[in-house]
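Pasting a structure here, questions to come.
A, B, C and D label the chains in the order they appear, each numbered from 1.
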Amino acid sequence: MRLLPSRLLLLGISLATLFGAIACAQPSAQPAPTPTVAPKVATSKADTPAARTPAASAPTARKIVIGFTASNTGAQNLPSKKQTEGLQLWLDTVTKAGGIKLKDGTALMPEMKSYDDESKTDRVQALYTKLINEDKVDFLISPYSSGLARAAAVVSEQNGKIMITTGAADDSTMEQGFKNIYQLYAPGSRYLVGAIDLLKDLDPSARKIALIYEKEPFSTSVVQAAQPYARSKGYDVVLFEGYDPGTTDFAPFINKINATAPDAIMGGGHFPDGTTLAKQLYEKKVSVRLVALLVAPPEPTFSEIGDAAEYIVGPSQWEPGVTYSPDAAKAANLPWYGISVKDFVSGYQARFNSTPSYHSAGGYAAGLILQKAIEDSDSTEPAKVKATLDRLNLMTFYGNVQFSIEAKTHGKQVAHDMVYIQWQKDSANKLGTKIVWPPAAKSAGAQLRK
Amino acid sequence: MNIDALSASIVDGLMIGFIYGLAAMGLTLIFGVMRVVNLAHGPVIAVGMFAVLLLAQNLGLNPYLGLVIVMLLGLATGIGMYFIAVHRVIDAPELTTLLATFSVNLMIIGIGTVLFSTSPRALDVSLGSVRTGAVTILGTKLVADLIAVIATVGLYYFLYRTRAGKSVRAVANNRAAAELMGINSTWILALSFGIGIALAMGSGSLLATLFSFTILSGTVYEVKSFVIVVLGGLGNPVGALLGGIVIGLLEGLATISPLPVGWVPVIEFGVFVIILLVRPTGLFGAR
Amino acid sequence: MSALRTPFFWGLLVLLGGVGLLPILNGSDSMREDIFLVLMLVILASSINIIMGYTGYVSFGHIVFFGLGGYVAFYLMLNHQVHFVPAAVVGGIVSSLIAFLLGIPVLRLRGAYFALATIGINEVVRSFVTNFDPFGGATGMFFNYEVYNGYGGSKNALWYAYYAILVVALLCAVSSLLIKKSRFGLGLLAIREDQDAAQVLGIDPARSKVLVYTISAFFPGLAGAIFFFKNGIIEPGPAFDLLRSIEALVMVMLGGYGTVAGPIVGAAVYEQLRAFLITNSTFSSFHLFVAGFLLLLIVLFVTAGLVGWLRQRAPRLRRYLE
Amino acid sequence: MIALDVQRIESGYGEVQILWGLSLALEEGRLTTIVGANGSGKTTLLRTIMGLIPAWKGSVSFEGRDVTHLSTHKKAQMGLVLVPEARQLFTDMTVLENLEMGATPARARSEYRQTLEWVFDLLPRLKERMNQRAGTLSGGEQQMVAIARGLMSKPKALMFDELSLGLSPVMVMSLFEVIVKLKQQRLTMLLVEQNVQMALAVSDYAYVLSNGRVELEGEAKKVREMEAVRKAYLGL
């Protein structure tokens, strides 16, 4: 047959690729001689400085490796990229400053080691195991999104590694009894709390709230926490329903919402459904006083839906307009640490040519908190760093950070506050976001929908 | 149940149903002609979304004008896709063509993610709305429905009134006999694939005028298209439109029923499996 | 049981078992994780091959059994403190039982209709579980970390999960071989070639198909139980991920459809290829594209898959390569 | 003049060889027939000539041009047309649409109207059934559609595969009448038939196939007289 040569060629290509792949995977097939018992947690790099080549400069420099996976592909690709960029900026800053200085003059030079997790949990687990055992990273940072972070947390915990989670607001992850996982994001249970307070403050006459959510873990847990809170504040939750993550047309669902005549609509899910929902609420001229949606509103591209974006409120972990500062820290009686909000925003702008989102801030803050913990412990020894993290309570450009030390919720974020933004039109009729809650951080008053 | 919500949801369901139907039409046409389930259907819809967005943002083209260009592009793309990925395995067992089109799916998503990231995009088109009582009809949806109807009628006219269209039916019916009659079946298959892809990309463009989207958004419509196509009878373009309307209405009514909204997909896919088992030729299948 | 005396059987056992023993011998955690994933994929691919390769029925939504087994086992472990081994076995049995009940109506469908129906079933189950509160609904279920204390701590639990997946992978491969070499398997191949003719030969296609579908659902059920035990969390999305199902099909095609060794080779090669693509700096952003492109080349030009191709090229190898 | 010339053709399915270096020629304006037992390779021969299965060796020339590796539809467009076994109609389309599909070659399209009238003249029953779906017709009517569809393409050589298979004797008679009429109009034809007696009666020239080879050939009248043929195929 005439086809044979091409078949042979192809097989050749496939086999060559295969062998290439196997060759690349060789290191995993022949690991360095390790004892059959997996290394103890304490056997970290801090105990074997001799293994490192000291840098030429007088104060000895030592590298510390920070590992994580990023979603270069798959559903979480965009926020994950922002998060990685934030972390990168931190790394640049530290490198420029000559590393993390210990009291004996050692400078720790952080390095990043990361893989693509394709936004998949099984991949995350394999890759974190690799990071821990092969790349011998010193500290871990979580991937973006609750589901992936939870998968990584399991591995990290199993290996006794310290991991800072960022981009993961899930409550339940932090109720699994982990001992080495520290959460930077305000947990989901607090996402809509401020929005309910805001409504109370803005329109005392409002009585009825419709809570709607995308049927997936994060959004579901947010509204599950918001429902009792709303009730405790005297609201009537007239609708409490989830929609399928694949929903594209909300028109019938909006009819259902309309039938309950709520004063406010809160919930939603992620970006695509959030924008479509906002757009259709506007188009169908739904008359509610306040709409608060998760995830989507803080994104700059939310404005692509035009006038439909106006008045939409959204919770955010952080915004470029926040007013955290050394003075604010003093006022709150907290120590201040690290970069100023202004320097972070301008530095980010200069480095990546885009405005930082809260994912970016989370990425930077993850590095920053780790740095602070290492400095305060004067060591990279996990036990010491862990003890420091447990005690930590401070304010940074990212806001207040403190971790729970209760056994049941160890590592859960207890101090960080959400800020709430609203899309408003300025005097030139141009749409933009303003921070409208909490009162201490707000840059403008919230507006009710007309 | 609230009567306002009921009437509004019936109208909304109908409105979206036409568009669902159009989205499924390309899939059913390709299956009908060559027994290939095109697993690249979803990504192709997404390509249609981005194509119209790019035309609008870079060339300032009106999305509805863009739609025409996108469909022509789709025709060419589809013909190319046929010759690259499908032609060689057209007579192989189903699995082979499924995997061949799935590989195209992977390639499109792979390139699409690099080019556009998975960041959501939206096309801000507004044509106002008409409101009577509780029923609000959006201009954009109305136009999209109209285009869906025109496309269906056009396809019907093509298949039943033109020689090329009749050749498509002849090839679908009996490829060897068509060859014996001097019909270049390879070309007809490529043409059919092209039309199928053009319809998919066109529906993507229309969807882009209604909802925000990412490069991965096509998957939702692909799975929905499977349901619709089975409902309307695999290979039956007019059935696809009717199937789309049924699904649209079903979604609309199920949503406002006392049943929680989350159960809507359970019903939808349940209906899908049951139809397959009980009446695989679809609700409107002639055969 | 003459299949158990062939060189292929021993080769299979030694090779698969040998690779499986590697991480146990050198105690490498990351190697264990890598091989765990490969073994899991071997199970998924092999079990799809049992229904698809031997009878020609393309089960697109086979992952539904993986998710079901995972959910049932997880539910038992979490709410009734069942040890993970019996829980996994129950998960596998429930998967099989559901396959049996579904198989009776669904296996009457042919070709693309069957493929579409399996997709539909997976979607029905996924959306059902998303709304089913005893299984945690949309948020899924998760262990408290202390659960692993019952297995000598989390590190030990990981090793248990690994031993379990290794045993299941071996069982699955051996079952695949036994089925293929048995009278029953010959009947299945006859169904694949021509169902009507098979009937004339006195084979009851309906019964054979349902039986083989039931068997093929057992192993993914077990694999799901083990995977989610190790994972500590189960959610509807990852449990019923259609893409994973399609990937398993790709592995079967890559290795060779209808052969015992094919899915095993396919799973290993696919996983290596991916690992290579996503860690390679040139390909990392294009890895989906490259994967798609390679798949297309294989589908178009090496239709029989790697093992099938070898068998065609070197008929003498057939004895050693089923 | 030789219209179709087949030289030492070899072909088969998969690894099974069916035709073993078979040669035959069709004289222009004459009716040639091929007879032979089941499995002697008659249908395979026609399929190989049309290119539905590839020829392994040998050549096929049509009107002096080598068409061995030309694709099927191109051969049809040149005027080499097969009325296939079991009719192979476009069952989901109407009778008229089937005829329209027959008129695919450019030559046929320009004369579509006249040809249609001529065909309806030849097979008046089809005119009544014009708008009926082809799949709903009786076997004999379907065979008429198949013949008509072949004629619509304005063939230069028309080949019939198992014209009378499964039809009633009355229907077979009337179809043969059509063949005779076409013969009178000097259409080049090749008839592959099981009904050897009738085929030989109407033909000019005949080939007898056995195991993929031409066993004997000659003027139809003479072949009919041959003892071997009478014994093997005519049951005399």
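Just so we're on the same page, a residue touches a chain if its C-beta (ideal position, glycine included) is under 8 Å from a C-beta of that chain, and two chains touch if they have at least 3 such contacts.
The structure displayed is predicted, hence computed values, not measured ones.
Common neighbours of subunit A and subunit B under the contact definition above: C. The chain pair with more C-beta contacts between its two chains, of B-C and B-D, is B-C.
Per-chain Cα centroids separate subunit A from subunit D by 75 Å. In terms of their C-alpha centroids, the spacing between subunit A and subunit C amounts to 34 Å.
Subunit B and subunit D have Cα centroids separated by 43 Å.
Residue numbers of subunit B whose C-beta contacts span two or more other chains: 110, 113, 223, 260, 262, 265. Those residues of subunit C in touch with two or more other chains are numbered 127, 130-131, 138, 285, 287-288. Chain contacts: subunit D has no residue touching two or more partner chains. Chain contact topology: the protein chains form a pattern that is neither a line, a ring, a star nor a complete graph.
Annotation, chain-chain contacts: A-B, A-C, B-C, B-D (touch as defined at the top).
Interface residues of subunit C facing subunit B in the complex, by the touch rule stated above, are 52, 56, 58, 60, 105-106, 108-109, 111-113, 115-117, 119-121, 123-124, 127-128, 130-131, 138, 246, 249-250, 253, 257, 285-293, 295-296, 299-300, 303.
Taken in their complex, subunit D has these residues touching subunit B: 50, 52, 71-74, 76-77, 81-82, 84, 88-93, 97, 100-102, 104-105, 149, 153. Across the interface of their complex, subunit C is touched by residues 3, 6-7, 10-11, 13-14, 17-18, 20-22, 24-25, 28-29, 31, 34-38, 72-73, 115-116, 118, 120-122, 125-126, 129-130, 132-134, 147, 150-151, 154, 157-159, 172-173, 175-178, 215-217, 219-221, 224, 242, 244-245 of subunit A.
The touching residues of subunit B, when paired with subunit A in their complex, are 2, 4-5, 8-9, 12-13, 15-16, 110, 113, 117-124, 126, 129, 131, 134, 136, 138, 207, 210-214, 216-217, 220-221, 223-224, 251-253, 255-256, 260-262, 264-265. Residues 22, 26-34, 36-37, 40, 127, 130-131, 137-140, 142-146, 148, 154-155, 157-158, 227, 230-233, 235, 237-238, 269, 272-273, 275-276, 278-280, 284-285, 287-288, 294, 297-298, 301-302, 306, 309 of subunit C touch subunit A in their complex.
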